[in-house]
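Each chain gets a letter, A, B and C, in the order it is written, and its residues are counted from 1.
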Amino acid sequence: MATQETRLAARLLAAPSIGLLFVWMVVPLAITIYFSLLNYNLQTSVTTPFVGLSNYYYFLTDPAFLTSIMNTLLLVGAVLVITILGGLGMALLLDQPIWGQGFARIMVISPFFVMATVSALIWKNLMMHPVFGIFAWIASLFGAKPIDWFGDYPLTAIIIIVAWQWLPFAALILLTALQSFDQEQKDAAQMDGAPPIPFFFHILLPHLARPITVVILIETIFLLSIFAEIYVTTGGGPGLASTNLTFLIYQTALLQFDAGGAAAGGLIAVVLANIVAIFLTRLVGKNLEG
Amino acid sequence: MGRIVLEKVRKAFAEVVVISGIDLVIEEGSFVVFVGPSGCGKSTLLRLIAGLEDNSGGKILIDGMDVTQAAPAKRGLSMVFQSYALYPHMNVAKNIGFGLKMAGMPREEIDRKVANAAAMLNLTDYLNRRPGQLSGGQRQRVAIGRAIVREPKAFLFDEPLSNLDAALRVQMRLEITRLHQSLKTTMIYVTHDQVEALTMADQIVVLNRGNIEQAGAPLELYERPKNLFVAKFIGSPTMNIISGATAARYGAPTIGIRPEHLKLSTTSGDWKAQVSIAEHLGSDTFLYVDADGIGPLTVRADGDFAVKPGDSLYLSPDPTRLHRFDDKGDAIR
Amino acid sequence: MSRQHSLSRRITMTTIAYLFAFMIFFPVLWMIITSFKSEIDAFALPPKFLFFHWTLENYITVQGRSNYPLFAANSVILAGGATLLGLLVGIPAAWAMAFAPTKNTKQILLWMLSTKMMPAVGVLMPIYWIFLKLHMLDTHIGLIVILFLGNLPIMIWMLYTYFKEIPVEILEAARMDGATRWKEIVFVLAPMAVPGIASTVLLNVILSWNEAFWTLNLTTTSAAPLTAFIASYSAPEGLFWAKLSAASTMAVAPILLLGWFSQKQLVRGLTFGAVK
């Protein structure tokens, strides 16, 4: 409800954002499509102008492709599950009557502020080093054999690092949601005699549905393009054990200098991301109505 | 200054017609109340006059000037919103003076006008407070102050009292009436409360589904409602509407009689009835009765009328106060 | 639930909460502690937690080898520039979507967000190529534009959720008062939305500061921010944990401090209106 002039002004004011984002999306995409049809090697600079869809064919039939897709899904899925469950647990703890909640919040949120390269470096060296790392020392306290995280469980190690980075985000959003929970509703539930567990599942969890949706949306956006953590720690290895789609494309482009193949891979990634996006925006659109 | 003319004003949101071609003349200096049930289009009509919505058709003239295409601020009108819409980050003085500042008026002149308005509204002691620190009634007065300083051709009020409690509402009602008497500026006031309409207006416009059902002076609407809708909407408690055999005996398909125009008697009368609920207010008595062959009726008696639920009594409608309506619900004159 | 809690329950809960909070915080703390150790102490087994010879030598070495203030200044310029540009373009857009929504507004917002899901690596080559042609590689302006565009959808969305909570009647009152569109946004909307704008700025600064794909791939020296500074330490200094820790601490310290001071504000904003 507004006047025509207001609506016109709104269009004008929204136009720069929409236009810029449109260009930001379309121009690189168009160039990528163009590259993807060429045999374009960055090292030799030999360009066989047009090779049709063979770049796509090679990228899609490369066994590394399927592996990287699986790794991407595992990474995103595992981190989402860990951060939401862990975050919920942390939020419930912090929502209890405790002393110094503010200080605890500050400790919990800290990883969120640490840049990805730094977190990867700290975890790779100070925490997970098989000899001098904290984990190795703890294992030795119990007489256990230290784990060579990046040699034996590379993907798990990366999941731990990324989950550590994103747990604060989930925890603090859910904490805010818990704190916004209406005291009268709690009182009413108590009058109804709801014991803690049904109370959690029937009253608290539905109240958290919207914040959880937001956590899933935002995390997925960032998790789909995890790069620095892999780059710094495993370099995608051993073999392809910790290569996600983003990293595979990066390797194709800058380690094999196959610009055409990387462009094809990039486009496939864009298509996959859009499938996820459609799925997610449905979920979010439904949950964020009003 | 302040004669507003609406010519065939229409408003539709997409396919939904909210205002369907309204013609209305609001005379200079009058106090006009738009009243009607929620969704009747009264607020939309006010917003059209304000310029906060576009007409889908028709013209709006203020003092003979066609302002249909003019921006809100160019129409020379002030508006008091239902939620007051005060600027929460500005103190009272800045709130009142914002419009003058936007108009580029010099500081000293703004200060002087704000001080005058504040004095008129008993706000002088609160000029440095923020809206959040004020009571509902004070906020209401700030909103009015903001409207006054711009010396508009007309004031527009959009249900301004609906967020106040009952006692404050009566007080503010009087203050607004007093304001109108001293300023003599045209005022257009939207409400769903017919008591506000009857007590404040020079002219009441009853709206229903985007149409004017009737426009006229309060007592005219009370005494000579044009149709069943107005008859039922104006007056409290609501007019009793009777149809069927009883109505036919009075020569119309439907008749209406106001609760205060039924004469009560314990011994004799036209209709026999049993009391189901009796409300004794001292000054008045409201009886909810079940009349034989007619159904439930409401009756108002002056002073106290000593009956209990279950008692029988007799009712006689005042024949000069009886309203007759035809099949379409229009009054038979 | 009842507001009366026994003291023992309170003590237990506080202990458990702090235990977990500390576990989450530990890697950051350990990095800071290690940065004050000698290289030998850094590799000590069992690890030395507090009782070692505290030293600043790592910081001095790191500063001596690479010009920290230059990288830090670049980080500030990039994050600040991208955020400023984002506010300039994002506030009007968010105003439009919040106060003059059409039936497509929701679609447009979700589309904006979906541009954020495009893997950067997919378009690295074209962007690199464009930057090469426009001579924007390793320039502030080039990276500011990239960071600004990358975060714009999130910024608009966050501002939108805040603006939507502001009653439209107040803006209409400003219109009646004769405010132009621009004055309405500057004098009425913006001051009312200060908390929301502040959270948006904070998140945007943090995301820009920590962005480590474009900053690494499109800079070499003159516009390189702290992400590049730390990257230059990752390979050779992998064996020098104390120096690595010092460099890491220097890279994250500014944003960590900013984040600590403003975390309440930031978290409110992160809920994107999902918590009322």
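Here is the rule we use: contacts are C-beta pairs under 8 Å (C-beta built on N, C-alpha and C of every residue); 3 or more make two chains touch, one makes a residue touch a chain.
Predicted model only: the values in this text are computed from it and were never measured.
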{"item": "Higher-contact pair (C-beta pairs counted), A-C versus A-B", "value": "A-C"}
{"item": "Closest chain to global C-alpha mean, per-chain Cα centroids", "value": "C"}
{"item": "Cα-centroid distance, chain B relative to chain C, in whole angstrom", "value": "54"}
{"item": "Distance between the centres, which are taken as Cα means, of chain C and chain A, whole angstrom", "value": "15"}
{"item": "For chain A paired with chain B, centre-to-centre distance based on mean C-alpha positions, whole Å", "value": "57"}
{"item": "Where chain A touches two or more other chains, by residue", "value": "2"}
{"item": "In chain B, residues with contacts to at least two other chains", "value": "52, 71"}
{"item": "Of chain A, residues touching chain C in the complex", "value": "2, 6-7, 9-11, 13-14, 16-18, 20-21, 24-25, 27-29, 31-32, 35, 89-90, 93-94, 96-100, 104-119, 121-127, 131-132, 134, 137, 164, 167-169, 172-173, 175-177, 180, 186, 190, 210-211, 213-214, 217-218, 220-221, 224-225, 227-228, 232, 245-246, 249-250, 253, 259, 262-263, 265-267, 269-270, 273-274, 276-278, 280-281, 284-285, 288"}
{"item": "Chain C to chain B touching residues, read off their complex", "value": "167, 169-170, 172-180, 183, 187-188, 191-192, 194"}
{"item": "Touching residues (chain side chain A, partner chain B) in the complex", "value": "1-5"}
{"item": "Complex contacts: residues of chain B adjacent to chain C", "value": "50, 52, 71-73, 77-79, 81-83, 85-89, 98-99, 102-103, 146, 150"}
{"item": "Touching residues on chain C, where the partner in the complex is chain A", "value": "1-2, 5, 9-10, 13-14, 16-18, 20-22, 24-28, 30-31, 34, 43, 45-47, 89-90, 92-93, 95-97, 99-100, 102, 106, 108, 110, 112-127, 129-130, 149, 152-154, 156, 181, 206, 209-210, 212-213, 216, 226-227, 230-231, 233-234, 238, 241, 244-245, 248, 251-252, 255-256, 258-260, 263-264, 267-268, 270-276"}
